[in-house]
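Just so it is clear, A, B and C label the chains in written order, and each chain counts residues from 1 on its own.
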Amino acid sequence: MDVVFNQVFAGLSFASILLIIALGLAIIYGTMGVINLAHGEFVMLGAYATWALQSFAGIGVVTALPLVFVAVAAVGWIIEKGIVQWLYHRPLDTILATWGIGIILQQAIRMGVGAESKFVRGPDWLSGNIEIGTLVMSNYRIFVIVFSVAVLTGTWLLMTRTEFGMKLRAVIQNRGISECYGIEAKRVYSVTFAYGAGLAGIAGALITPLFSTIPTMGTGLVVDAFLVVIAGGLGSLVGTAAAAMLIGEVTALFSIVINDTLGRIAVLAGIILLIRFRPRGLFPADTRR
Amino acid sequence: MTNKLSYDIIGLALFAAVILFGVPAFFGYDGFELNTFSRYLSLAIVSMALALSWGTAGLLNLGQAATFGMGSYAMAMHLKLKASGEGLPDFMGWNNVETLPALWVPFHSLTFTLLAGLLIPAAVGGLIAIFMFRARIAGVFVAVITLAFLVAFQLLVIEQQGFTGGQNGLTGLAQLELFGWTVDIYATSFYYLVGICLMVALTVGLYLTHSKFGLILRAIREDADRTRYFGYNVANYQTVIFCISAGLAGWAGMLYALVLEFASPTYMSVSFSLAIVIWCAVGGRESVLAAAAGAILVNLAENRLSDVFVEGWHMMLGVLFLLVVMFMPRGIYGVIVDAGRALRRKGGGDAEEPAYDASLKSKQEG
Amino acid sequence: MAQLEVRDLHVVFGGLRAVDGMTFDVEKGEILCLLGPNGAGKSTTLDLICGKTQPTGGSIRFQETEISQMMEFQRARLGVGRKFQVPSVYKELSVAENLSVARSMKPGIWHALTAPAVRRSKRMREILDLVGLADKTEEPAGNLSHGETQWLEIAMLIAQDSRLILMDEPTAGMTIQETARTADIFRSLSENHTLIVVEHDMSFVRTVADRIIVMNQGTLLAEGSIEEIEENEAVKTAYLGH
């Protein structure tokens, strides 16, 4: 039983990181219809940026978060401006282009930093544990959970309470008409892509003390995050959050019930079945399209 | 159309002349040199198979490597059984498998193996296709489902060590005996075998693209709904081309396992599937000939350049792919077609324009 | 027995009754025009007959076969053809190829696998001459002018040779001469085909319609000849809002 509770808690912290990755992916897909296969590499860049900040400048993980966000968002912005924005009318080609970008980023890190795994120390002030009975919860994982809730809330406020969010929703509904009212859709797209990339960067930073940092780390994460997006349904932040919890927990529990590989196969089968039978997600936004 | 057909027949003839006569002569009929080239030719088959589903029907199959891998394992299983004689394949012993799994038994037969390498991938491709296309899954979701299938299938193959050899794949294979002829992969005759397979595959591909079947697929690619209102069962058309494409990929996989003398789960990796997409995109996905040429050219370049830039090659491949997607979405084929059109316009322009004016005038008067 | 019998047809979109209990017959060789204000459910009625939309209730019998639960391609094979409001030709295919796709008497895969992409037949020549595209057979449809595109679409409908043709605003954007020529083509089509036409251009309706159905808010408001409709009080109220 203890194993189960501890696993549920571990699953919750993994789900929180998954949620941040999936939020970025969902915002990019929901706004521009781009399935960003380079998203996992944005996570990886975030992790390497954190590692670099810690080993060369002595900046801790938590302090690094805003810096990593800005850095990866800038990379995302450049990629959107330079490549993705030319392909919006060719959705299949955006898949290919972002795949290519992913390869290039991964290879760049492998050549520049090396293929061996890097380790990042968690912050000292979060190093302890809270113990309730036999349940051991590390402070850092609690921080991750709280932080992801904050990111979710922040994103929700950004989407619903700011002028940018209003413009963004307008562009999602109808790009042509929004432009007639003076909204610069191109700018909205760039900023959204950068924001999504920045979120992936944050997730990469948060994950560094928990997993080892290697060039291929993003590939597996993006698959799970993609499942979250599909399961959550487009345009629904609550759905994305619920799906992240569901998939984080299912993955965690699968790994104790059956082995890891079969768990991953089950996740992939889940993606396939969801697209086939519930293409609008488990929690579809209640609008007529 | 007849014009296009005659261009394609000339193209195929030129291609066959280069592959079957030019290349062997260039390498002085040296079996070892030609062995490398027969590897490219088998990869050309899987690339042209992707062009059939992606270029013609607009269905981007990112799981092409899975069906390719199935073919290669079918061949390797046969050769592994042959190498093991009466006993069990060695890796099964290491994994405490004591009797030959039922799945392996029929692969003692060469005929079964050759059919299985073609038909099992085709059947699997067909099942996935029925599953997707009955529900009218289209566009990017075809790519995502086939990609997810590929990753799951590769994990399964690695996981089931006792049946598949796991991460190591199937090694230590015997030589193929094809109806009394022992296939020596370092002989020129093997090169011709692979070359003829490629030519047969290309002929099938060209026949399909120039038939009404190919035309309907292009119509579906452009507007599936409209095509339904003409009475065509769109899902069936898509399923058939997926089957054919998967079967050809399996056939290519069998040849590939022969050339490399082993089968490995890396043949089913995401990066291998991406490589197939790259070859097809560089050559030009609209033409099976161009896609085959793309596979040969990129692999030739990889062979020459990866010695010079060991790590950098992958980077260059990624950049090349990105450039092709952005600036040459129709690949080398598109560049050639556009250049040809521009030339014709320049050459025949003086003759054409007055005729056009005249027809315009007669319309206005009428 | 009428060729097409529609009985108590319903469809609901998220609470909106787009078509609400339509009942009507169409006789073989007839040209029926559907009139009505925007949102009356005219296009939706065509969508229901061709299978683009599934009805929530009612029946559609075509040549004594119930078709309301069939897939689009099955209905098309029985002889229900559709022309959409937006010209929808295959822009990447040539004119000849467009016609070849449209000639779909044998839509099965086996036939498609054994036939060439384009078969130059006498019939195809005739159709191309009729719409004036004979000298553009190799041109990609995307290069045609707006008017030519519409002619190509009409040529495709003739090539498809459906017994029942559903048309959504076929003359939208046409010049007066083109409209007159379209009316001629429609009259000659009705010798062998049945037509249901959604149209706003009253002068066109006057020339071609054998019978008119006026729809309002998803229901049948009036039915009859052009004279009867023009005298109908309910129609005047619906159009003028009195």
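Everything below uses one rule, namely that contacts are C-beta pairs under 8 Å (C-beta built on N, C-alpha and C of every residue); 3 or more make two chains touch, one makes a residue touch a chain.
The chain list, named the UniProt way, goes like this: A = Amino acid/amide ABC transporter membrane protein 1, HAAT family; B = Amino acid/amide ABC transporter membrane protein 2, HAAT family; C = Urea transport system ATP-binding protein.
Keep in mind the model is a prediction, meaning the values are calculated, not measured.
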{"item": "Topological distance between chain A and chain C, in contact steps", "value": "2"}
{"item": "Most remote chain, CA-based centroid, reference being chain C", "value": "A"}
{"item": "Distance between the centres, which are taken as Cα means, of chain C and chain A, whole angstrom", "value": "49"}
{"item": "Distance from chain B to chain A - Cα centre to Cα centre, in angstrom", "value": "34"}
{"item": "Chain B-chain C separation of Cα centroids, rounded to whole Å", "value": "42"}
{"item": "Parts of chain B lying in touch with chain C, wherever the complex brings them together", "value": "1, 3, 208, 210-216, 218-219, 222-223, 225-234, 236-237, 240, 359"}
{"item": "Chain A partner contacts - residues on chain B that touch it in the complex", "value": "58, 60, 131-132, 135, 137, 139-141, 143-145, 148-149, 151-152, 155-156, 158-159, 270-271, 274, 277, 281, 311-312, 314-315, 317-319, 321-322, 325-326, 329"}
{"item": "Complex interface listing, chain A residues touching chain B", "value": "35, 83, 86-87, 90-93, 95-97, 99-101, 103-104, 107-108, 110-111, 219, 223, 226, 259, 261-262, 264-265, 268-269, 271-272, 275-277, 279"}
{"item": "Chain B contact footprint on chain C (complex, rising order)", "value": "50, 52, 71-73, 76-77, 81-82, 84, 88, 90-94, 96-97, 100-102, 104, 107, 109, 111-118, 135, 138, 160"}
